[in-house]
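First subunit A sits with subunit B, and in the next complex the same chain sits with subunit C.
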Partner chain A sequence: MVANAENSRTVTRVKTSRLSLNQRRYVAAALLLAPVILLRLFTTLYPFVQTIFLSFEKYNPAFPPRQYVGLGNFEKIASDIVVRSSVEFTLIFVFGSTLFQLIFGIMVASLLNSRFRLRNLARTINLIPWAIPMVVAAVGWRWLFDGTYGWITDLLHRLGIDYSWLIDPVGARIAILIVSVWKSTPFVAISILAGLQGVSEELYEAARVDGANAWQSFWSITLPLIMPLTVTIGMFMLVWQLAVFDLPYAMTSGGPGFATSVLAYQIQQQVATLNYGYASALSVVMFLIVGLIGIIGVVAFRRVQVAL
Partner chain B sequence: MSVKVSRREFLKTSGLAAAAVATSKFPMPGIIHRRQLNTVVLKIQSFAHDAIKAVLPDFEAATGLTVQLEPGLSSGPEHMQEVSTAYAAGDSPWDVVSDPDEGTVAFARAGWLMPLDDVIPQETLDDFPQGMRDAFPIWHGFEGALYRVPHEFAVGYFFYRKDLLGEPPKTWEEVAEIGMQVTDAANGVWATTDAIIRGGLTWVYVAYLASQTGGNVFEMDAGTAHAAHFLYDMLNVYKIMPPDALNMNYDQQNQLYMSDKVMFMRQWPFFQSVAEGNTEWFSPEKVAIALPPAGPAGTGSWWGGWGFSVPALAPNPDGAKELIKFLTSNEVAPKLAQGQSWFIMPRTSILNAMAGTGNPIVDAMGLYAENNVIKPRPFHARAAEAQYAVDDAMLQYLTKQATLQEALAFGKQLLADLSA
Partner chain C sequence: MVGQFLRRHGGRIVTYIGFLIFAFVMLFPFYFIVVSSFTPRYEIFQTPPRYFPQNLTLENYPNMIATIPFWQYYANSLIFAIGSSLLSTVVSAMAGYGLARLKFPGSNLVFLGLVLSIALPQVALLVPIREMYNVLGLNNTHLGLIILMSSLVTPFTVWIMVSFVNQIPVEIEEAALIDGATLWQTILRIVLPTMRPALATMLIINFINAWNELLYPMIFATRNDTKTLSVGLISLGREAIGTSRPWDRMSAMSVLMIIPVVILIIFGQRAIVSGLTRGAVK
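What follows is the complex of A and B.
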């Protein structure tokens, strides 16, 4: 009788539950994850969608009415000389600094991978520029390049070269690239160093036996083996640096003229002047550039993998 | 002791807790602000805090309110960005805010400020000179309502090294002539300098020069062209100004002057306090103030400044109104001015209180008023954006990326786009 009663309760319970145990687990998991997912959606998807909607509006709360202008903001961007110059320098900055960061990063990583005394200390010192906050570095370099007090300007002056870096459009762009390369090369180097440590010493020994010199070993063994990692880091640096703001802001305020203004700086300026519609359109353009570079990166990465 | 909780119980409890939190008055930041009715939060630059703290005990004793001082940003555009972010989000952590001219123009139009017409007594308004009151509807109000009460009267003063020059240059021609005599570029000594960096400072200096040519930088007119041309010549023809002035901020400008590398310069009144604070270097002859050198339209310098406003969403609007009434009153304004030169204005109460004290800014204010130096700040309804437009256009010319005509045409286009 007791056993029958137990079975009856079990049967009743099974009948009342419409979900299996596995399904109930999924529901529980979904409920537990829901707050985090909702928070994430609220803080990323909502602003993203809102930005896209705003990009089709002329909206400055100080100057109503708020109105739908279709592609008007994007047409304005196409004819805005300051924005065009900012996009141009953003791309120069991103591709230029990433290229040099990778070149110097591989060189520094190769040096740090070789055996020498105080190697660990050298690896630590290498990271110092990367550890310095960008604004601090930018202000420091601004003084170094300063035409009146600058150490670099003074050094060049002693060599008979008088050049004011930060007020010449080309000089200011080069100066910002130099600081960016100086600042981020250590990070690239330490990442590539991790890849270099995975390259088997036996490959180099075999190459030496075959009569390969150091350059040939580097070109035929090291570089192909670290290429996937290099492409990944390169992509990361490209996308990461696209949103650069602090360096040109603290070093030149986008000048001289607007030669070193970047897209993120233009967005900030539009937000500061309450032009939320135009700032949103600029943000969408920036998103498209980031997306395009991301796609190029994925394709490049696959090609490298296929080639290997 | 361990307590076993089944999955069902856990989910039930979690759901109930979440529902309780959602339906209760969860202390969101905005609500926290609105609960602190005994506190009034004033956002103003840190260098003014000491002067304000000195007068607050009277206010706190009389009202029972506590005033909390929050630091503000010195740069108008940066301040606008910080404050507008909160306002646009429908919130304000502050009850009273010190706003720049361009900020008030935008915020009043956006409906983010509270009208102050019924707050400020007539005797306080009457204490301001007529010239300042004339500017109230333009820079401090909108559609007939007053949204800000000025606490600063910022004029670009012409500081010069009396100990080295004896007499200052009185005209643009003398600026060039004396400038070339005293400049020693090889040793980093320049006749003059200014902070002309992009981002809201270029237009300040061009507008200063344009006030001496009768020009309006927001019109990109002949006077603006003349001013820009003279600036270009100072940099490139007379070579009496360091080329890096184009990338200089106020700190660098002041530093250059106090390093004995500059003979004369335009600067805001706050430099007087900065110079006096550099006790090892300072002497009155090193920061003498003269009339600005006269250009084609005579001498001139425009005035603007910061003032107190109350955000429309101030958590404690009543306390805010009491505080703003107190700080701008005829009794307290002179005390603030005596505590910090930033608060010195040509108000009757302040001038009476500081008469005969030998304060160089008060004396200079009188000198400038007597000689009709002070001109109104050029107005543009989209002031912040218009200033950036002037920066971008003028710097194209000053950094030799465009001719003067091209730069003026570019500037006109940028300004026209603002109205579109």
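What follows is the complex of A and C.
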């Protein structure tokens, strides 16, 4: 028995060694990568291609027949007021919240990077908005902004300002932006913190010797050095927030009217009502916006690198 | 004079003032939710609102649990979050090692493709997935949800894993290989233990992401035996009585939803921050 086992082991060893070391590494790499690649093909690449095909169809499983309509869905999109408003607010939401998240993110990151006693506490507090469910944040803030019982409404009232955030279209949009900035600034801050930690102390020392104050060394040392990272994070946030649907869904249901509806929310609504063709066409519009953001990102990145 | 004072202590004062403003802004919605959950219903629906409630109560919690199948949702959320964080972290660690160490022609392209696939928004891919899930019978199953959620977070997780493996010195593995260990033995006995911090970080982060997810469960788990807490909170909100939302019960539910993630960030703060910053440096 023992001898047998020994034998079979040598046999397998001989067999495997027929493959060169490189080939064996390729087999190992393929096995290690297979699960992730399969997952991604199955849930992104295949649906992506399929969505593009579906966008040229009129397809609702509840109302057959399914038929090819060419650009019909896109013509419908062009004249759909709700979609136009949603695309408009999507762009405001995505660019507006990313801008403020980057600005506040840099400020918070500087705080989290500075040496003081409560630094670890500050880092833990910073994670709270990031970690709590978006749905919880949305309904909580919805209540804070409530026109009758909300704390924010009441505090403003005490200051002599009477304003119903969620009834006014502009107010509702601002409220959504505030929540988005509150919720995602922590993530941006941690990412920028990584960049700040990479800036060497010696540079600041040298600047101090040359008589620069904190503000000056921030502008002329820190900011230029973290700029490439900031642009990268900004790109990530732009693309990522394009898909944010839970915030408007849970906070305002797109209202008042459709003032706070975003494209992602419209897609979800169309999917829920089984308008698969139209939902796919809206998805293609979203892909185009992603492409646009990609181009902006590449240009921005070039400029940052040239500036360096 | 003032200038001199500020130069000496200004930095520290600014830091602490900044900290106070920061802590207040980050925490006050949190305070509001927690306080509401212990405030009696009649006091919640009162104007002007009370910032410090006078009568504290626990009644909102049993009221909430009597309204929806809360514990069932809780169990579903746990299965969903634990399952998808385990699956995504394990497969991403494998892929991360493969991409970082076992270079093959086109491995950079595979990595780039994975990272760029983040740009395809989750919400824009729903229709084909729904059709496919109908055919495969994966709707309203834990497995179906876990697959989708795992896939969603793998690009970021692979990214973190690759940069982590790149920072491990390669010499130890080479020594093991020279000593006659096979590639698989090296991976299991040497690489896996050194990757433990990255695995822990990504388990926590991916758990939190899944715990907070709304879209996938909403579309693919419409029955009570798979519905998660996020979806449950929305449906509780829709149970409007009269004109106002049931904030008394919603806040109680919110607090119970927050507890696991707050525990995770209190104990895992260092791991989370180091994991997230690692992703950004690369």
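What we mean here is this: the second predicted complex is superposed on the first by the 266 of 308 C-alpha atoms of A that agree within 3 Å, B and C clash if a C-alpha of one lies under 4 Å from a C-alpha of the other, contacts with A are read in each partner's own complex, and residues count from 1 in each chain.
Definition applied: a contact is a pair of C-beta atoms (placed from the backbone, for glycine too) under 8 Å apart; a residue touches a chain by one contact, two chains touch by 3 or more.
Everything numeric here is computed off the predicted structure, so don't read it as measured data.
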* To do: Considering only the touch criterion stated at the top, classify A:W240 as touching first (subunit B), second (subunit C), both, or neither.
  => second
* When the two structures are overlaid on chain A, which partner does A:L225 contact: first (subunit B), second (subunit C), both, or neither? -> neither
* With the two structures laid over each other on chain A, which partner does A:V199 touch: subunit B (first), subunit C (second), both, or neither? -> neither
* Asked: Who contacts more of subunit A, subunit B or subunit C?
  -> C
* Could you tell me if A:A28 is touching subunit B, subunit C, both of them or neither one (first, second, both, neither)? => both
* Answer with first, second, both or neither: which of subunit B and subunit C does A:Q268 touch in the superposed model? => both
* If you stack the two complexes on chain A, which partner ends up touching A:T148: first (subunit B), second (subunit C), both, or neither? -> both
* To do: Could you tell me if A:I174 is touching subunit B, subunit C, both of them or neither one (first, second, both, neither)?
  => neither
* Is A:A131 in contact with subunit B, with subunit C, with both, or with neither (first, second, both, neither)? -> second
* When the two structures are overlaid on chain A, which partner does A:R123 contact: first (subunit B), second (subunit C), both, or neither? -> second
* Asked: Which parts of subunit A are in contact with subunit B and also with subunit C?
  -> 24, 28, 32, 35, 142, 148, 268, 271-272, 276
* Structure fact -> subunit B residues touching subunit A in their complex are 7, 11, 14-15, 18, 77-78, 80-81, 84-85, 88, 105-107, 109-112, 188, 197-199, 242-244, 246-247, 252, 256, 261, 381-382, 384-385, 388, 392, 395-396, 398-399, 401, 410, 414, 417
* Touching residues (chain side subunit C, partner subunit A) in the complex -> 7, 10-12, 15-16, 18-19, 22-23, 25-27, 29-30, 32-33, 36, 44-49, 51, 91-92, 94-95, 97-99, 102, 104, 107, 110, 114, 117-132, 147-148, 150-152, 154-155, 158, 183-184, 187, 208, 211-212, 214-215, 218-219, 229-230, 233-234, 237, 244-245, 247, 250-251, 254, 257-258, 261-262, 264-266, 269, 272-273, 276-281
* Structure fact -> Per the touch rule, the subunit A residues reaching subunit B in their complex are 24, 28, 31-32, 35, 61-63, 76, 81-82, 142, 146-148, 164, 166-169, 172, 252-259, 261, 268-269, 271-276
* Which subunit A residues qualify as touching subunit C in the complex? -> 24-26, 28-29, 32-33, 35-37, 39-40, 42-48, 50-51, 54, 107-108, 111, 114, 116, 118, 120, 122-129, 131-137, 139-144, 148-151, 154, 157, 182, 186-187, 190-195, 197-198, 213-214, 229, 232-233, 236, 239-240, 242-243, 245-246, 249-250, 264, 267-268, 271-272, 276, 279-280, 282-284, 286-287, 290, 294
